[in-house]
Amino acid sequence: MTDTKTLTTEQPDQAALKPAVRMPAAVAHGLAIGGGALTAASAFLAWTYSSSFPGDLTISGYPGGLQWLTLTAGLLTALMGVIAAVPGLRVLAPGNPGNATLLFAVGGVAVTWFTLIAIAVQLHGLVNLTSGGWVAGVASLIALVGTLGLPRAPGSTVCAPTRAEWLQTLYAGAGLLAVGYLLHLTGNGAAGLVMAGAGVVPIARLCIVLKHYTGPTPTLRAAKRLPVAVDVVLMILMLALALEIFAYGVDTPYGQLFVGFLAVLCFSLWALSQSGLLRRATEIFERNRAWAAVLGFLTAAAFVFVQQSDADAALGVNVLIFAATALGLNVVVGLAGLLDLGYVAFLGVGAYAAALVSGAVTSSVHATFPFWAAALTGAAVSGIFGVLLGAPTLRVRGDYLAIVTLGFGEIFRIVVSNLDGVSGPNVTGGPNGIVNIPDLSILGFNLGNPHTILGATIGRFANYFWLMLIIMAIIMLVFSRAADSRIGRAWVAIREDETAATAMGINGFRFKLLAFALGAALAGLAGTVMAHVNFSVVPDPFVFAGPVPPNSAFLLAAVVIGGMGTVSGPIVGATLFYLLQQKLTFLQSNELLIFGVALILFMRLRPEGIIASRRRQLEFHEAEDAPAAQLSTAGA
Amino acid sequence: MRNRSLLMLTAIAAAGTLTLSACGSRAASGASGSSSASSATTVTIGVDAPLTGPLSALGLGIRNSVDLAIKTANKTNEVPGITFKIEATDDKASPQQGQQNATTLVADSNVVGVVGPLNSGVAVSMQKIFDEANLVEVSPANTNPSLTQGPSWGTGTKVRQFKSYFRTATTDAIQGPFAAQFVYTTLAKKKVFLVDNKLTYGVGLVATFKDEFTKLGGTVAGQDHVTSGASDYSSTVTAIKASGADVVYFGGEYPDGAPLAKQLKAAGYNGPVVGGDGMKDDTFIKLAGTASEGDYATSVGAPVESLDSAKTYIANYKAGGYTDPYAAYGGYSYDSAWSIIEAVKAVAAANNGKLPANPRQAIETAMAQVSFSGVTGQVSFDQYGDATNKQLTVYGVKSGQWATIKTGTFSG
Amino acid sequence: MHELPQNLANGLFLGAMYGLIAVGYTMVYGIIQLINFAHGEIFMTGAFGALAVYSKLGANVSIWLALPLMIVGGVATATLVAVLAERFAYRPLRNAPRLAPLITAIGLSIFLQQLVWGFPGNKSARVFPQLPGGPFHLGSVVFQSADIFVVVAAVLSTLFLAYFVRSTRTGRAMQATAQDPDTAKLMGIDTDKVIVIAFAIGAVFAAIAGISSGLRYGQIEYNMGFLNGLFAFTAAVLGGIGNIYGAMLGGLVLGLAQTLSAAYIQYIPGMSQFGSQDWSGVWAFVILILVLMFRPQGLLGERVADRA
Amino acid sequence: MTTETTTTPAAAPAAGTPLLEARDVVMRFGGLTAVGGVDLTVNTGEIIGLIGPNGAGKTTFFNCLTGLYVPTEGQVRYQGQLLPPTPHKVTQAGMARTFQNIRLFHNMTVLENVLVGRHTRTKEGIVSAILRGPGYRREEAESRAKALELLEFVGLADKRDMLARNLPYGEQRKLEIARAMASEPGLLLLDEPTAGMNPQETRATEELVFAIRDRGMAVLVIEHDMRFIFNLCDRVAVLVQGKKLVEGDAQTVQSDERVIAAYLGTPMDGAEAGTESTTSTEENQ
């Protein structure tokens, strides 16, 4: 879709730094601020006649659903427009407030027009839009035009795509339309999706243009150090805001709202990074690492207080289980460079081990371990399986490992299905699994019972959420400390060049085995909690690819797309994946199809993942930035 | 440079989802339920089934049948003053997802009962969530006896597991032995070869069949377990032929049953293949072709053509304009939804025609008394929450059609 | 034990099919060291392509007339998919780190499965036409027309491939590229073309295997490529990856191992519960691990010296 | 290059005792004999050169010494102990090497590369890495100090946070030497350390090798550059067609007619041509 040649920065041509739309600066500022304000105001109007569009946008005077997002985007545009217009407010946006205003305005256009189109499509026809809807649409466009008239940042290029690029876009779009139409004729369920993809192509092209237009992220001089107390307060505020935004996203009741939310969020983040605020925020977190860790943990724990019901906490638990497992896989894939395609089996081993010693009636082992012992058992048994599997295969060429692990993932399910006393010894209860696993009881506190803290009812899943959060913290600690140690260096060395690593005295086999076993043990640990959360362990979920995470393919994707070798990458990847497959229900059965395409596109466009470790970053883009870069920001 | 390529990718993703969801917002259109009666209370009946993925054919049949039941109830004003609404959730055949759906349904105070799930493996992760909220759950498809009667049901110690869990599906404990009696007595085959596909349904069926069949005096010539979806059953076929068995009992669904039947007949085996309701599907005959001739499958309830309610249901379903077939569990799903409606009716009737503020507990209690003539026959629940309807019918493949062979009530 | 000949024959038929798929894995791996994870799906698209041709022809056309057309259709579909995949998914990543093309391959595999699944009627198994005739009896062994088809196809394909690789210009260019792609390029060999041809040949073989599978089992499914692909790759490793005869041999060994383990493991004292068909996949996997432990280069593979 | 810094020299046995003894090392690949019975002794404090025309089997011999190849015949002893045929154990025993074609860990920083070299001299395992007890911290600090000192020694201290791949060629060579030295070897094996260097860089490398010897390490070096070798080495062995032709001090070797013939080219016979092509692919890796 893009080719890297257009991405390489061209020499900023000072003469070309005129805005895209020529107008006096005062007019531009005025239009930007006014358009933003008007957009915000239009959210209070009724946009449609029918209340059957989700969120009920028929009420004047009170915004609903997607209108809130338009309101937010409009306000942000106006606010940033003011900052851009008044030189004395530059402290508030040390980077490039003009660009930030532009991007907020684009976010506003995106969410507003998306809503209008969705209304028109869903209710069949433009007649469903009231004048209020048109006001919103026009207002957002006015803001956009205004921001396009703002002075441009140095380093940006107005590079209208070349003729060839437009043609490319055209062909790609037309091709997708044609393919989509063909699929439609054959009745394929993915037809609409492919045709919609045709709409994405020009939008993507526009995004590229926008990217050039805004130029690189501004570099800032380090800000003055603030007192730690101020920093802490700022961090608390930022984290609280992030939590609120996250909770809003998690709680979006219908797909359209989630999509609008994502659009506003993406463009707002882009705008914040252009405004320099993101950089400032990062600085604060980086200079108070210990505080940041503690506050981050507390913020995550506070999630259960901002949730609407225990259903959100259930979602949170599942996300955490998925993310923790992905982080375990990151040891294997990201650090040691070993491809494990059957990783979910280790989660299964942990879950089964915990279920067996849980005291469930259906367990074939009649023993009840306390949780700490069960967790250790799960991790240990899983680690042992890792060693058993790794010992014969880690000696041979790396590619074979992929197939052996894939095979292991598959036969794990077959084996546990057969260990039911009929076609194998009775261990796992066969296809019926181990069911009615009792809730955990830690220090006499039963996690199954709801209780009240600070006036809020903390339900069963909230309890497990906290437990899982602690386990997550442990896994993060293990990962980051192992990565930054003699062991972690040995893993990376093996990944980089195994022959050279052994010549440096590293026992390649032993360390690969260690990575494999540690990864397996971490997955096993997550599995122990999963068994209790789900009340049961059955063979079916432990597949290579399925619609619901965790499964091996999703785990791998969370690591790879999130960012190999980093702590935050797999967590971000896992969260994003889980929420997307939960929220985008309008994709119907096409989630896996999208997932497959996403994997391919990511490998093409950004193989280092969303959060790139500094190593990966350079590994994948060696051609792009050959000049030596002093690495100041640590990735891992 | 690098960060920008990420930003771009997210922007593309955002743009993509924008375009997509604008085009594909069909999700909400599945919900129905007219709100004609202005003063009416609207309550929700939840559905949990795999609506997407490989099992979606069955899941959609469940959802549509519940939808049909709700529409019918609203149309006939079955419960005066109360309108029903459907809330369908997709569990994607995953226990995790099912559990999450359960918490979502529990959190919605309008939900008075839930139909589902399809998979026993999903059920076990949901039962307790519903139970703690006293929210009635009626499964149209779970056949594992231990879901209601506890893990030791086979040894006679039956203990009700969850007071909120009911099912209209018949359990393996009835269907397997019924098939065994049919094979041993009616078909007079005394030497059976057992095959299952190592999934919950098949394993349970084969186990109960085996117990009853040996109790009757038959012999088990051999037993094999096949990988679901593997389709190469040549070693199984060879073993069956070598065992000298005169009948094969297959525990599993038709996608595995059909190739087995086909490969058996192709290899020159002459005995019939007998299966459960998972095999009694027209696709079985389509897939296995002429090889299916003479095979048998048991199914719950009286023969379809003898039940007026079933005929009405099928006609209404067709008239309802659903794009997906009602599939194997459509009838049970309709009955499941209807049983909830009946319970709501009973509660409302006992409370001056209105539902109490939190009716869940009352509805759960009322479920035990529910009794009506449904699609699959008389529907009511016993002390474990199982369907009391123990009538089963044997169908056989005759000239490319399922034909009723025998119907009867299991007693044993 | 008197059914031994029958079991051997069953294993042979199954193994021939694995071998046909395995050739694709082994050729691509031999040349660009890529596990083409999506090859199982190429196999699947081959079968569906053939079925599409059949359903267009209508039920009145004799199967003997339809079969050649179905083969053409299946082969064309599979080859098209493979070549497109090579061109648009793999080629841009030729110089990327190892993990990138592998993950692309996984994505492609999922994508192809879902795409085929999306066609109406493909959500569950589809009926595949049957070859008339049979069952044939040879001593105590019973087999079908489709079994003859798969064996003949495997033998002919192997002979063709042997001729192709040894005696044609392209075949020799292929060998040279496998040995050392850089030198081959310097020698004027169009390595891109060679790689495309490797993908295409693999796809042709996979399509034939896909059609055999349909003919033998009477039904095809969108996910049929996963398990078969997994076993075929195992077969390729077993035979020595990179060696086309190894792929065939590995397929046969694996097919026999699966059939025989399903039939006879239960007679080993203490193993009576482990002999079902369901366990045979596990035993195939155990064999793979054993081979990797004791003969990592595979049955026919050559020892690759560790390079310093 | 920095001048002498205070370091603790690697535990060096009394000068002049044999450190490495290779006896009759034979390496065959299939029917092809790459190394045919080479003897070589390196004593403590010595700098030994190994020269020979392309394809003479020098790198193969190196690989036999360092455990990458298991010699078909013959023995390699280090400090009297038979060396195990696994590279990491050889390094553990006290022999470290560099590679002909630089094999750094490209995506690790300069400092991390040297820290990896410390691997065999550190012990902390996974548990202590996670718990970060005082022992771990001490060891990590020591490793760091040692690594920084080595970077100082080769002149790369100010580039410690750069990625190895971004270093210029000559500095990559230096880094590879520093990385090898980090394992505190008694004997350092350098495989063509000046390949691709200009004369100034070559001279600097010469100085560096002497400085390394002054730190108490013996050095075995493969090289093409005659002048470099003859300036540097106490003894030089010449390998031709997998066999040791001559061994002696620079003077002896330089005046040996067979060496001149081997280098200046009496036409090679057919077998030699074959040997050359195959061995060179091995060396190319």
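A, B, C and D label the chains in the order they appear, each numbered from 1.
Operating definition for what follows: a residue touches a chain if its C-beta (ideal position, glycine included) is under 8 Å from a C-beta of that chain, and two chains touch if they have at least 3 such contacts.
This structure is a prediction, so every number in the text was calculated from the model and none was measured.
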### Query
By C-alpha centroid distance to the whole-protein centroid, which chain wins?
A
### Task
Count the C-beta pairs in contact for B-C and for A-D, then report the pair with the higher count.
A-D
### Message
Among the chains here, which has the CA centroid at the largest distance from chain A's centroid?
### Response
D
### Task
Mind checking the centre-to-centre distance between chain B and chain C? Centres are C-alpha means, answer in whole Å.
37
### Task
Indicate the whole-number Å distance between the mean C-alpha point of chain B and the mean C-alpha point of chain D.
72
### Task
With chain centres taken as the means of their Cα atoms, state the distance from chain C to chain D in Å.
47
### Summary
For chain D, residue numbers touching 2 or more other chains are 68, 99
### Query
Among the residues of chain A, which are close enough to touch at least two other chains?
414, 417-418, 422-423, 499, 589, 619
### Task
Give me the residues of chain C that touch two or more other chains.
227, 276, 278-279, 281, 306-308
### Summary
Per the touch rule, the chain C residues reaching chain B in their complex are 2-3, 6-7, 10, 13-14, 123-125, 127, 130, 134-135, 142, 144, 213, 216-219, 221, 223-224, 227, 258-259, 262-263, 276-281
#### Entry: Contact set on chain A toward chain C in their complex
183, 186-191, 333, 337, 339, 341, 392-393, 395-400, 402-404, 406-408, 410-411, 414-415, 417-418, 422-425, 499, 544-545, 553, 556-557, 560, 564, 589-590, 592-593, 595-600, 603-604, 607, 619-620
### Query
Hey, which residues of chain A end up touching chain B in the complex?
1-2, 7, 9, 54, 110, 114, 117-118, 121-122, 192-193, 195-197, 199-200, 203-204, 206-208, 210-211, 216-217, 254-256, 259, 262-263, 266-267, 269-270, 273, 308-311, 314-315, 318, 361-362, 414, 417-418, 420, 422-423, 430-433, 435-436, 460-461, 530, 533-536, 538-541, 546-548, 582, 584-589, 591, 602, 605-606, 608, 610, 612, 617, 621, 624-625
### chain A to chain D touching residues, read off their complex
477-478, 481-482, 485-490, 492-493, 496-497, 499-508, 514, 518, 614-616, 618-619, 622, 626-631
### Query
Along chain B, where are the residues that touch chain A in the complex?
1-28, 52-53, 56, 90, 92-97, 99-100, 103-104, 106-107, 119-121, 124-125, 127-128, 132, 144, 146, 150-152, 161, 198-200, 203-204, 207, 223, 225, 227
